[in-house]
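What follows is a short report on a single structure.
A, B, C and D label the chains in the order they appear, each numbered from 1.
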Amino acid sequence: MSDLMYSDISEIKNIKIFGRLGKQRQPLPLLFNGSGIEVVVTGSDLWIDLETDSDFHEMWVAYEINGAFMGRQMLLPGEYRICLFRNMEPSTPKRVRFYRELQAMGDDRCKLLVKGLEISDNGCFMEVPKYERKIEFIGDSITSGEGSYGAFEDVDWLAMYMSASVNYATMTAKELEADYHLISQGGWGVCCGWDNDPRHNLPSIYERVCGFSEGPSNEALGCQDPYDFESWQPDVVVVNLGTNDITSFSQPPFFNPDDGKTYKMRKNDDGSLNREDELKVEEAIINFLTMIRKHNPKAHIAWCYGMLFCDLNMTITEAMSTYREKTGDTNISFFQLPDTTQETYGSHMHPGRKSHENGSKALVQYLRTIMNW
Amino acid sequence: MSDLMYSDISEIKNIKIFGRLGKQRQPLPLLFNGSGIEVVVTGSDLWIDLETDSDFHEMWVAYEINGAFMGRQMLLPGEYRICLFRNMEPSTPKRVRFYRELQAMGDDRCKLLVKGLEISDNGCFMEVPKYERKIEFIGDSITSGEGSYGAFEDVDWLAMYMSASVNYATMTAKELEADYHLISQGGWGVCCGWDNDPRHNLPSIYERVCGFSEGPSNEALGCQDPYDFESWQPDVVVVNLGTNDITSFSQPPFFNPDDGKTYKMRKNDDGSLNREDELKVEEAIINFLTMIRKHNPKAHIAWCYGMLFCDLNMTITEAMSTYREKTGDTNISFFQLPDTTQETYGSHMHPGRKSHENGSKALVQYLRTIMNW
Amino acid sequence: MSDLMYSDISEIKNIKIFGRLGKQRQPLPLLFNGSGIEVVVTGSDLWIDLETDSDFHEMWVAYEINGAFMGRQMLLPGEYRICLFRNMEPSTPKRVRFYRELQAMGDDRCKLLVKGLEISDNGCFMEVPKYERKIEFIGDSITSGEGSYGAFEDVDWLAMYMSASVNYATMTAKELEADYHLISQGGWGVCCGWDNDPRHNLPSIYERVCGFSEGPSNEALGCQDPYDFESWQPDVVVVNLGTNDITSFSQPPFFNPDDGKTYKMRKNDDGSLNREDELKVEEAIINFLTMIRKHNPKAHIAWCYGMLFCDLNMTITEAMSTYREKTGDTNISFFQLPDTTQETYGSHMHPGRKSHENGSKALVQYLRTIMNW
Amino acid sequence: MSDLMYSDISEIKNIKIFGRLGKQRQPLPLLFNGSGIEVVVTGSDLWIDLETDSDFHEMWVAYEINGAFMGRQMLLPGEYRICLFRNMEPSTPKRVRFYRELQAMGDDRCKLLVKGLEISDNGCFMEVPKYERKIEFIGDSITSGEGSYGAFEDVDWLAMYMSASVNYATMTAKELEADYHLISQGGWGVCCGWDNDPRHNLPSIYERVCGFSEGPSNEALGCQDPYDFESWQPDVVVVNLGTNDITSFSQPPFFNPDDGKTYKMRKNDDGSLNREDELKVEEAIINFLTMIRKHNPKAHIAWCYGMLFCDLNMTITEAMSTYREKTGDTNISFFQLPDTTQETYGSHMHPGRKSHENGSKALVQYLRTIMNW
């Protein structure tokens, strides 16, 4: 076996980083599920040097070689040297991706930092083929891969059930050979959370690097800094939101300690949505579209929704129409994703592997058509 | 073999008739694809007595026993006695459905009339189990089953490629054990035809028994009579229209000989829809929803669209929102059907069997949820 | 519409005939399921002129255009002119196959005779592309397509449930672009019938044109004549037999009126096969292989078995080994077909469409490999 | 979080151990892929304490919760405490299985030892539901899960591509709720290895605990001790061997340093197997069946073969017939597994996930039928 040579992650030129970046590059924080690094290396061995911290919800990571899933594991707080492969044929280039499985977390302690890579001295970093397409996915638990791991009967809300490895967004990006960003949070909506919590809306954090992640330590990483949208302009923004907004209409009121008010989305007696509350969702959608457009002037914005039923279709599309009418922006579209069925659930009534595969298959065909890809 | 006993179709009490009916019941005209009769019989043999006429586009029929497809054939003009089964175990009840494969046709000569049934003297007509659910499907070539038969490379526009036997609407009704009506016409839209012909819009014929079918002979059958909506009130109206409307935006202008005017739906230079023309489609949708609601006050109206791409989503839903806002009618919904893929095409770029199966599977799950079925 | 020109079937040079042929060519008898004619024609219209007779079990036929199933119907005794297509684009060549759905029948009256074709005067018969591969299928009810039509609960033994249209043999031949012969009979085995009837073994009829079909009328067609094997030498002989032989071990004794003896394949107390009776099956296999080899000296013989469980595997392969050892003939192989499952049954516990598709998919891959196709 | 309590693995009564066991129970060696431990625990947290060693080929492990795959990772030489879950709802019982992914290895250093489990003090070990069925799988690289991980283009022979997690044997055992043993080795046959190495035959090691694993350290674990067959009597022994034996006929001669002789299985000029060499394979099969029967007097022995083509069918079944004839043992059967297709390959031309799923589906149906399960 040959010796290993360590490089700081910031020193490696031939590297592809997935996911939104903040100001800190050394060690490199992986902030979202799907955030990761990719290298193409020769040489027999490759190691990655990491540091993690967490509290209740521990970190999970996964990695793949030449596009094929290889490992997935929990990383409790500490420093790690993980071997990504060893004893491979040195002269053959190996494409390796290492990425975060766990969604961005609010917890200040929760973090995953990549310090560097160690490569055997018979190898080197080769150029990573450029991804010609770029997709940003904005979503909720579905995009966080919640329930993509775990047994049907598992109902705990735990880090280990989330993933980027079994996830329609990752599958779609891979099939389309696209670079991608995931910005998602379980339980959040475009207007409010599943439990009527008005603070849990994606737009409120979209403009910061990783607005979900609060606290001094996350701030030090730049999570709360304004995000530099110009640094990465996607061809398409896929918004998969609405599932929690519609749920809030059937949930008890929420008392918001921040303002001392109680919040509740209401239904009419006939089961239809209270119009006033529905319009709140629509206003949130309109404002969010405006915000996305502001930062992504050329991107096609596709609202892609429906993996856990599609009962907000009328509301979402009405808001989109209002937005279009108001702004004249026609570079938006609505696409319904295939629903999850009894056969395709993962754990705690979320999409499982088969559902994510179905969603990705439909979305890939849609994007190929609408984008002329 | 036992002797056969003939009964006029109008004399048979234990019979279920599928599809819209006009004033004439003897012989019984089957006006649409999917229109047919169903009986549950004992006895060893069953025959059906028919009369057909046609010109360029000949009649096609199919039949099934106990829910399983058995035969499909062309019927050129003439009188027919067709054996639906023979030598079956006499005491076992057999459920038999005989139905039209060909969509309603404009041609005055084109007709299919059921005169009666002949049953062997060891058998009788038993009660047909009642269908507890009722669905009306309104559509275009997709609902007419165009291309559901034929090879991928076949491009002629011919009767033989259409069907009710390989058709998402039939599959859906069967899976849900529902009675159903099909009102559809290839090439027609909600606003205009694929070729910009403004006369080819479904609303223009919806209120007549079978408004597609013109000429003195069809009039004699009652096709142009006002349809008696009260005679059959569906639980759901599925509208699968839009595919031809969107196509008209990419087609040459159409000169309408009826009014000497030229019609053309326009696109903007950036490929988006000319707003004025888009609003024409929306107005047609709004008016059609109003018309459907008028005649089906309690039905859920589900606009189900997308089997040949979904680029009219924004237009359809905007119109639906306007309708909803204007009328307060919330008993409507939008559902996107799965797109046809390279693997699921039938002939002349229309959905094949696998695409109809996929469409039906999604629609069944949707209707079960939205209707609490 | 153009005029039709009639040609005797024997006068058409550009025609492909499927299935074994006897001495009579005008009118042409179609003796087996899958037996049929194929032409490639220009012109707008094509008709076929037929004559059929039958008694209890009536004739069924099907036809396809450009490889796609188009129609299937019962033909009671009489003369027929059936339109295979009309009003098609005249200059485009259309490949049309018309074939028998019903297996060869013992009944003397049962027959299907093709008299000729009528083609519109704007068309002509073009050369039918030559099939480079040839497969002979020898089988029982599975190869007769029994149960390939009909509902799961249908249990009558009727002509309408059999087919060549939904049949692994046809699917395999089409996928491999092969000419094929089907020689099969429901209930028959290689040694005896499912009910222990020793007369119902395929080898007893294999050397005659269509030995199943007895009586003066069938004899007049040449059914009982020695078959001219040299006229059609297959590349592969697929033998799908054994399902009835194994069944006979669990059935009551059979009294054979022909010799006044009683026949019964026996099981041991532990459920294993009585060795003496098993060896009878093996002897029949050995003799049949010898007979097949005699008439098809260069063909690969593949015993392909298992679509209705595979409990005769050990017996079949033991016999094949004995045959191989005895003769030195190594150009044989054993291939197990995928079993039918609860989801893939057709009617009366026989393979349905999905099972035939699965069987064909496996067989196609097998033949491609073993034949270097 | 509650405190953790450590128990030696040998002290835990409520534990299910998968895979063959030798004399050492503390720490417990997991000798084969699929070898593992299963517990049902309450409490919020569970950890496992391990020790591993290896040289070129490192250890891989995987684990699952409530039957669902959760993690998979490489374990380089060292001591480990791995958290299997944390912060779960304490009162709900969790079924956890931890198992070895890597096949048994010849290398003396390669080992995986389970020292104990740590459970949070709010939990306890509950009874593991008894597996009523027992299956022993004997195989080669297919049963070692070679290529079940990795990209299609990966061709290195590495530990990371093998698994019990994506493996027809594991899938079959789980679907049938069966306990199971795996005894397999990539490249080995029933008679000789793929490269004609006569030492690489399964029978040579079958009677020792884990005969593959040599060297003083493995001997100390009891690997070379006679296996106590009475300790675990399977209901079925599935033998999936033959793929390497047939390959040896197409490979260059092998010089065996142990006896200084050269070995080569030969083909005849016409491509058939040299009879003398084929009979060597058959003799090996006969002897192996005799050996298996000796140690498993009541088990059904099913030779299940064909996931990488089935060209040894005739040879295997001939040997089985000879064995049956010689011994009168009828409690054996031959079952062909579905072949791997272009769509179902994993890495280096071995079965991928889909192929293992297909194989398992067929095998489950077969075992249900033959075993009356």
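Annotations for the structure displayed:
By our rule, contacts are C-beta pairs under 8 Å (C-beta built on N, C-alpha and C of every residue); 3 or more make two chains touch, one makes a residue touch a chain.
Note that the structure is a prediction, hence the values are computed from the model and not measured.
Contacts with chain A and chain B are shared by no chain at all. We define each chain's centre as the mean of its Cα atoms; on that basis chain A and chain C are separated by 56 Å. Chain centres here are Cα averages; for chain B and chain C they lie 38 Å apart. A separation of 43 Å divides the Cα centre of chain C from that of chain D. Contact with two or more other chains is made by no residue of chain D. Interchain contacts close the chains into one ring where each touches exactly two others, per the touch definition above.
By the contact rule set out at the top, the touching chain pairs are A-B, A-D, B-C, C-D. Listed in rising order, the residues of chain A touching chain B in the complex are 268, 270, 272-273, 306, 309-311, 313-314, 317-318, 320-321, 324-325, 330, 332-336, 338-339, 341, 362, 365-366, 369-370.
Here chain D touches chain A in the complex through residues 56-58, 65-74, 76, 82-83, 85-89, 149-151, 153-154, 156, 158, 160, 347, going by the rule given at the top.
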